[in-house]
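Next up: some structures, all given as structure tokens.
The two complexes that follow have chain A in common; it is paired with chain B in the first and with chain C in the second.
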Partner chain A sequence: MPKRLDVIICGGTNCSSSHSIEIKEKIEKELEKRGLKGEINLVVSGCMGLCQLGPNMVVYPDEIHYIRLKEDDVSELVETHFLKGRVVKRLQWTPPNVEKFYKKQHKIITANCGKIDPENIEEYIAVGGYEALAKVLTEMTPEMVIDEVIKSGLIGRGGAGFPTGLKWKFTRESKGDEKYVVCNADEGDPGAFKDRAILEGDPHCVIEAMEIAGYVIGAQTGYIYVRAEYPLAIKRLTIALEQARKYGLLGKNIFGTDFNFDIELRMGAGAFVAGEETALISSIEGERGMPKQKPPYPAQKGVWGKPTLINNVETLANIRHIILNGGATYGAMGTENSKGTKLFCLTGKVKNTGLIEIPFGLTIGEIVFDIGDGIPNDKKFKAIQMGGPSGGYITCEYLNTPIDYKEIEKLGAIIGSAGMIVLDENNCMVDMAKFFVDFTLTESCGQCTPCRVGLIRMKEILNRITKGYGKLEDLDELERLAKTIKLTSLCALGGTAPNPVLTGLKYFKDEFIEHIVDKKCRAGVCASLFYAPCVNACPSEVDVSRYLAYMGDGKLKEAYLVHMENNPFPSVCARVCPAFCEGPCERGKFDEPIAIREVKRLFSDWANEVNYQFSPPENPKNEKVAIIGSGPAGLSCAFYLTRLGYKPTVFESLPFPGGMMMYGIPDYRLPKDTLKKEIDRIINSGVELVLNNEIKSINELRNKGFDAVFVAVGAHESIKMGVLGEDLEGIMGGVEFLKEITTNKNFDVKGKRVVVVGGGSTAMDAARVALRLGAKDVKVVYRRSKDEMPAQKIEVTEAEEEGIEFLFLTNPTEFIGEKKVEKIKCIRMEFKGFDKGGRRRPVPVEGSEFEIDADLVLLCLGQKPKVSKFSDELEINKDGTIKVDPKTLKTSLDYVFAGGDAVLGPSTVIESVAQGRKAAVEIDKYFGYEGEFNFSLREVVDTHYDEEKYLKPISRKTPKVVEIEERIKSFIEVNKGLTLEEAIEEARRCLKCDKGKEVYKKNIKELEKTLNKVI
Partner chain B sequence: MKLEDLRKIREKVKEEMRLREGKARVKIVIGMGTSGIAAGARETLKTFLEEIEKRNLKDVIITQTGERGLASKEPVVVIEETDKPKIIYGDVTPEVAKRIIVEHIINGIPVSEYVISTEK
Partner chain C sequence: MKKEEVFEKFESKPENILLILHEIQDLNPNKYLTEEDLKRVSEKLNLPYSFVYGVASFYTMFSLKPRGKYIIRVCESPPCHLVGSLNILNELKKILKIDIGQTTKDNLFTLEITSCLGVCGVAPAMMINEDVYGNLTVEKIKEIIDEKRRGK
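Let's turn to the complex of A and B:
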């Protein structure tokens, strides 16, 4: 009976390690039980490519792709799908961008992987297997074959990148009574598994190619050198060789010709260096795998001293396609320098990981963001590591680089063995360098002293840097060692081993310096340099881990005081902070990050309720400090100056203090009363506040007797678009609009058609405020797509819920109207490539202009500081910000410091707070004091609840929000916050990273155990 | 092994692997919901499979689907042909299945007394 379903189960190493074979056996039993065995064909295939979704299974003819199968799913699958014909939706792989993953790939050499049964030679024959061998033996001379391979432009895929046709030619021309063909399957780079996938999924294509090579160079024996760590590949190869012999496709008189060829398997012990061809030859001969001097090359003197052709698995996998379709057809694919397709092992911080095959010429950005679907968890792309321990990094400026041997090499990386490890903001480059050096030093054969000893020295230095004991001279020493090792090592392992360090230093030197000078690991990896990842991620280093511990026991006051040590605006930050602390939260690796911001809200509101106050300095220091601007930077500086014993004066040009917190953030996110309480507390701690007083010259302050000045005037001037009609009435900046409605209650928006241009927080606020003030409709026009919006996710979601319309990939080109704006001419945008910051680059679609009506246009394209009035006194950067020394925040004038948005450009409250606090410390040092606070030394906070109870999956608590109908009519705060009980429960989910490795490890283990139980 | 032997194996196994191409001239979709099975859809399906083998039909594949809501007409079978409207049959017993194969699939004339409806 013919089969009605073909069920293909992936039996690659990745899927079979997650029990795909057991699943297959269970399906077999289930089919037998239900009498369906004769109708359904069950096949185990090689790697399908989507390894992280495994075990994978595809059911033909409808090509239903199932993922993450478990043995428990089998009876449902058989009953519902195989018997009743209904797809089991919950197991089906249906990502919205499934097309993207396949669209840009071009499967030639892996076309059979995941489609045929690698343990059945007949299935290989059915897809045209051994036809190429037949053609070569019956129709072609060796010269003709070499010709085709040269014409194809095929370059060796093992790493060194030598033209394959030439290698075949030289080996053929080499004189010798015996010759050998060797397939190098000693794939050893961390993160590389493409050769394994071919051997497991389509072993015959390698055997066939080796026979063709044997015919061409005049060899009768081949060796496949495969590492013993690839047991499945070895098993499949063994079966394939047996079957090929049985079918007469290997052995004597193949296809009735006088060509004889056989292949032996040689298992390597897994030494990385044995992948180097001369070392590999030694290992085949039974010697220790150590590289030898070249020349002589293997083409002249290889295995047993005879001419030997060594090709990589992937190189060989291309051969049958070149023979069957012709070298010229093959050579038409790819770029000028690199022909055909290339396999890559896409791993690391990318949503779709696995084995991919792409035509040369596709860009790095397309691989990471289209095929890979970008970085998970909204993290930022940092770099891609290509070529493993011999390779280097490619950073976001180079996302438009095409995959091409020469182009990649220009950037200091190599295509090499095709490992592609995507790194995000949480990867530390010093740690990466250490990892690769550690790998190569373990794998060094020890023959050459520079490699054997030099790598150890490099590791010692890197170790020191990650522990916080590094010196700046260490970086020069690293480079010196790297260069020596490169120049004086015999083989490529040594010659390329320092590459990860060298390219790391080339692109990320500031990160190395940060480790050495600031003792800071921004990625939160080098554990010796911080207490906990949350504390490390906060720009102001607020001690989250300590206040969470207090909150776990309901100690509001203690938690509040910890917060105040580093940030005097807990109520504000509980409402508007992007919560950098939550990003790297270790808990997020198991279920969800702790809702730190929401926990904070409880103790900050407590302090407002009880009216907690700080006393002013009793015997203030004599030095007088003036602060220009009362935003988060200015007031933070003022507060911490009072804690250092000063009584500073803050000058504010506007009628209310608070800067952007007051004028830029609407009440529905940050109620004014709450803000005022926090500001009052700072003023009461010993600050003099002078309102409605614009400082026009710094010298004026000097003359009034101030000894130091902190300039924190913010960035209040909206950036213009520079398009036609921008000066029409009814067009204004977003921050100007927000300021206007705060001060002028009569500003009329009722019934107006409002268009907001931009995608940041200001744009969201402007749009939502306009809606609340009775606008007829509100549209947001943004030139990129939703994913690229700089606004916080929650703001965008809430704006959408409230009925704001979004026009993505749209950009205004002209504002039209007599005197007042009436219409906006817009153009559609599309993405082409990537910009230097790693974001997709929008470009206009020609002829796609259209018009929208508008009575009020709010431009929210960012702001710049208004500091031109100080340009005679202070040095100003090209972008309009004040120039400072980033270490001390000192300006070009000795006694003047600057910070906040006036220095950073538009940034977050917490970044401004961090600069204000830092300025306070630096001003204290400037006066000759220590710059140290009175806070007690940090101690780990003991808790008094049952911690183990929380080491099981518990989801993150989300606060209630005000109903949409109610909130769009008023400025009532949208977020209602957690209850105290909820906040305490939430705080108890903390894994206590700050208690040191031992406690943390124990907690993780416990959590993993319980998590596994649930699954 | 001679070249001819290779080609023979190739043709034979290619035929067996046809399903993996996912395309065929005719797709027979059999309703295999609970009521379909109760009404004998399993037997109908087997008959289709046997007939396809017996008559060596190379461009026909069989798949199943769930209930269509027409319990009284089960077993329900849909014949999908490229560029033609879908034809939905009801009460498809093994005998009707044989007629569909011969009259509809081979000779191109639908078995009109069992057609419930046609769909674009």
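Let's turn to the complex of A and C:
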């Protein structure tokens, strides 16, 4: 009798590690209790592919996917779904997600995995199992089979990529009284588990294919060599072999013919190198699994010196489909060089990890961003590592590369054993190189000196680099060693071991150099190179961990002083910084990252309240320094110059100091009063400020007696679109608009239909300001989708809440109007492939033009510096920024330095602060001094609260915000901030990653003295 | 099953050496191969003792010194490394107060590292004897070890 529901629960190792078997048993009990046993068919299957979200369950006929099941969910599931027929939404994996994961996949070889019970041969037979064997034994000659396999274009899936049909042909033609078929199931590559999934989910397809191979080459015995680390695969294979024998499908006179074939199971014992075919043969024979010289190839001399066919599990899993559907049908799938489908093990920093099967020709980008659903936690894609320790990296420039043996090899990676490890911005390439070398070194069998000793030398060098003791010559030495090892090793393990280092150096040499020269690990992995990940991630290296420790004890002043060592704008950064520090926060791996920005706000507000001031240098140095521009870069440079003993002069062309902080950031994000207090403090520390004074030539300053100049004029000119009608009245740059409303209170936006073009912070600010000034409606037109917007997430959310309308995947093509703009012609965009930066590439959809009304258009497509006036004196880059030596920030004139947006292009406050501070140091060095602050010494901060208490999950505190109705009517600050008590509690969540790091002892009292008493 | 029965179960062919060593090792409450065991295998399979010793010492899953009741093997492959297997390993060292390759004084746990377990979908992962544990966190580690200590 057919059952009402088929309930398939995944019993692969990934899911059973999260108790899928216990869940199945509980369901059984529940069904029995409720008398539903006869109505529901409960099956434990092999891997369904979606390992990350396990344990997985699918309920047919409606194909409802359940994920992350727990034993406690069982009774609800049985009661609500199995009995009453209502889907348990709470546990369901929503249909759009299901579609996303499966849509671009094409399941042929894993079609049975996750559908049938691998421990029941009848289920395999029911889906056409052993039909291919019957067809071969009764209708085909061995030559016919070989023909079909050659026609299919199947290439060995073990890694070396040899055409399977030819291998079968050679082994058949090889002379020998006895021959063997070996299935290589010693899948050891880190990050690979496709063979395990097949063996656990559909073991009979491998057995069937081995028998076909045996018939073709003339063998009667087969071996499956499976690694001992796969106990479930061993169990299911053992059951499958027994059942096949019982059904007469294995053993003597199969299908009543005179063909005899049996299979023995061989188990490894933990030796990676035994997966190499000659080593595997040694291991089958009971010896140490060490590789041998080739030729002779196994096809001539294999197990016991007899001709042996060795095929990988996945290769064999393809055979029955080729036989049943014909080689030509199979060969029609895929690309010219690579036929059929391919399994991949998608792991690492990707949302959907698991086993996937795709047709050749799908691109890397589609795998990572469609099937894998992109990188978790809003991190940036860095690279994908393919082919394990023998493979290499593929970077974001190559996301459009199709999966194809030749195309992948061209990039220096290999398809290999099908591991695909996705790396994000927090993965260090030097660490990865060290890791892989360490792996192959451990697994080297030790026969060949280059592999045994050379890899140790490579590891020593990489170790040195990650600890900050590397030399630039080390990189050449690494390449030399790598080449020698590749050329002189006997087997593929040694021959490919240096690949991760070589491709690492090919694509990420700058990261290696950064480790050696700057002693910096930007990913925050090489622990010897930094105190804590937050400090490392901050462009100005503000000592977050130290000020959090002070805040944990409620010491506002101390925390504030620590911040001032590296950044004189804590109030500003507490409000507008994208908080690079929070991204890699270790606490985020535990529950949520610390709300560092919000904690900072408390001590910065304290300093403003008590009007904390720094004394100017008492005996200033004689050298005179001019700074052009009073934005974050210019003023930071000025502040740190005063701490180094100078009294610099800042020239500002506008009526107020502050640059973009003053003119570009609206009050509801950064109140002007708060900003002014911070600027005044810097001026009071010994800076002369000259307003309304535009410097037109640097020589002019030289003539006035300045010995050095820092150019920090920012980037204030909006970039144009270059489309028709852009010069119409009513169209202006976003930055120009924000500047206008700051200086001209009469600028009229009331009742206007405003359209903002762009998706960055400026676009959000322009849109929200227009709304507050009484615009009739505000639309944001952006050519990509919401996920790609460069603006901070919170800005977009708040803009949406306030009623701003977003037109995503839309781009203006023409501005229409008589004299004034009236309408915008737009075109819809769609994503096709990826651009060089790894973002999805929008392309216009033909014929999708439409018009929208507009009275005011604000173009926020980015800005460029206005530095053409200096072009006679300084070298300017093609993109309009000033050319500097990134190490010293020195321009083409030796006494002139430059930084901030004028050098970086539009960037963040903190990046400009970092450059300003660096310029101060470099200017000091230029004058022949040390360029060192006597306060930049680290101390051990002893805290006085119970740290243990905060080591349980505690959620991150979020500040209150002003109600929407209230905030859209005024420029009141939206974020109300945390209370002091909340901020202290939040600071105490810090895990103190800097603990145990070598630090200098320095008392906070001395810090205050040195921050104040200069020279 | 006794050790002698293992020899009866498998034909005395050199090719069965790995299977025999596996089973003998599993029979030992301390999960290792004694000198006596290796001698016996060498006699039974008619192989030189040096050869048997060579095989037993080559493969990482065989141990020539006593181990605990629970052999914890932490996966150290890149997918696990990327998502923090090092933290897991350090936590285990801390809880068990032993280093890699060592056994706790109560003979309950031995800590080892292993190459890829092939469960990268639920990384970081480890195996205790034949059971796989995935999606490990520091919290989870504590629970698992506590459970084992309570003899569950």
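In the analysis below, the second predicted complex is superposed on the first by the 990 of 1015 C-alpha atoms of A that agree within 3 Å, B and C clash if a C-alpha of one lies under 4 Å from a C-alpha of the other, contacts with A are read in each partner's own complex, and residues count from 1 in each chain.
Going forward, a residue touches a chain if its C-beta (ideal position, glycine included) is under 8 Å from a C-beta of that chain, and two chains touch if they have at least 3 such contacts.
Predicted, not measured: the structure shown is a model, and the values here were computed from it.
Novice: Just checking: does A:Ile284 make contact with chain B only, chain C only, both, or neither of them? Give me first, second, both or neither.
Specialist: The answer is second: A:Ile284 touches chain C but not chain B.
Novice: Check the contacts made with chain A and report whether chain B or chain C touches more of its residues.
Specialist: C
Novice: On the A-aligned overlay, A:Thr138 touches which partner chain: chain B = first, chain C = second, or both, or neither?
Specialist: first
Novice: Output check: A:Gly734 vs chain B and chain C. Expected answer is one of first, second, both, neither. What do you get?
Specialist: Once the two structures are laid over each other on A, A:Gly734 reaches no partner at all.
Novice: Identify the partner contact of A:Gln385: answer first if only chain B is touched, second if only chain C is, both if each is, neither if none is.
Specialist: It touches chain C, and chain B stays clear.
Novice: Have a look at where A:Asn14 lands relative to chain B and chain C in the superposition and call it first, second, both or neither.
Specialist: So A:Asn14 only meets chain C here.
Novice: Taking the superposition as given, does A:Pro593 touch the first partner, chain B, the second, chain C, both, or neither?
Specialist: Neither partner.
Novice: What residues on chain A touch chain B, complex-wise?
Specialist: 1-6, 8, 39, 41, 60-63, 83-86, 115-116, 122-123, 125-128, 130-131, 134, 138, 247-249, 254-256
Novice: Please give the residue numbers of chain B that touch chain A in the complex, ascending.
Specialist: Residue list for chain B touching chain A: 1-3, 6, 9-10, 12-14, 16-17, 19-24, 27, 29-34, 36-37, 45-46, 49-50, 52-53, 61-66.
Novice: Please name which positions on chain A make contact with chain C in the complex.
Specialist: 13-14, 16-18, 50-52, 54, 187-193, 196, 228-231, 266-272, 283-290, 345, 347-349, 353-355, 385, 388, 419, 421, 423, 427, 432, 435-436, 439, 442-443, 445, 589-590
Novice: Where on chain C does chain A make contact in their complex?
Specialist: Going through chain C, the ones touching chain A are 13-19, 21-22, 45, 51, 54-55, 58-62, 76-79, 81-84, 114-123, 125, 127, 130-135, 137-138.
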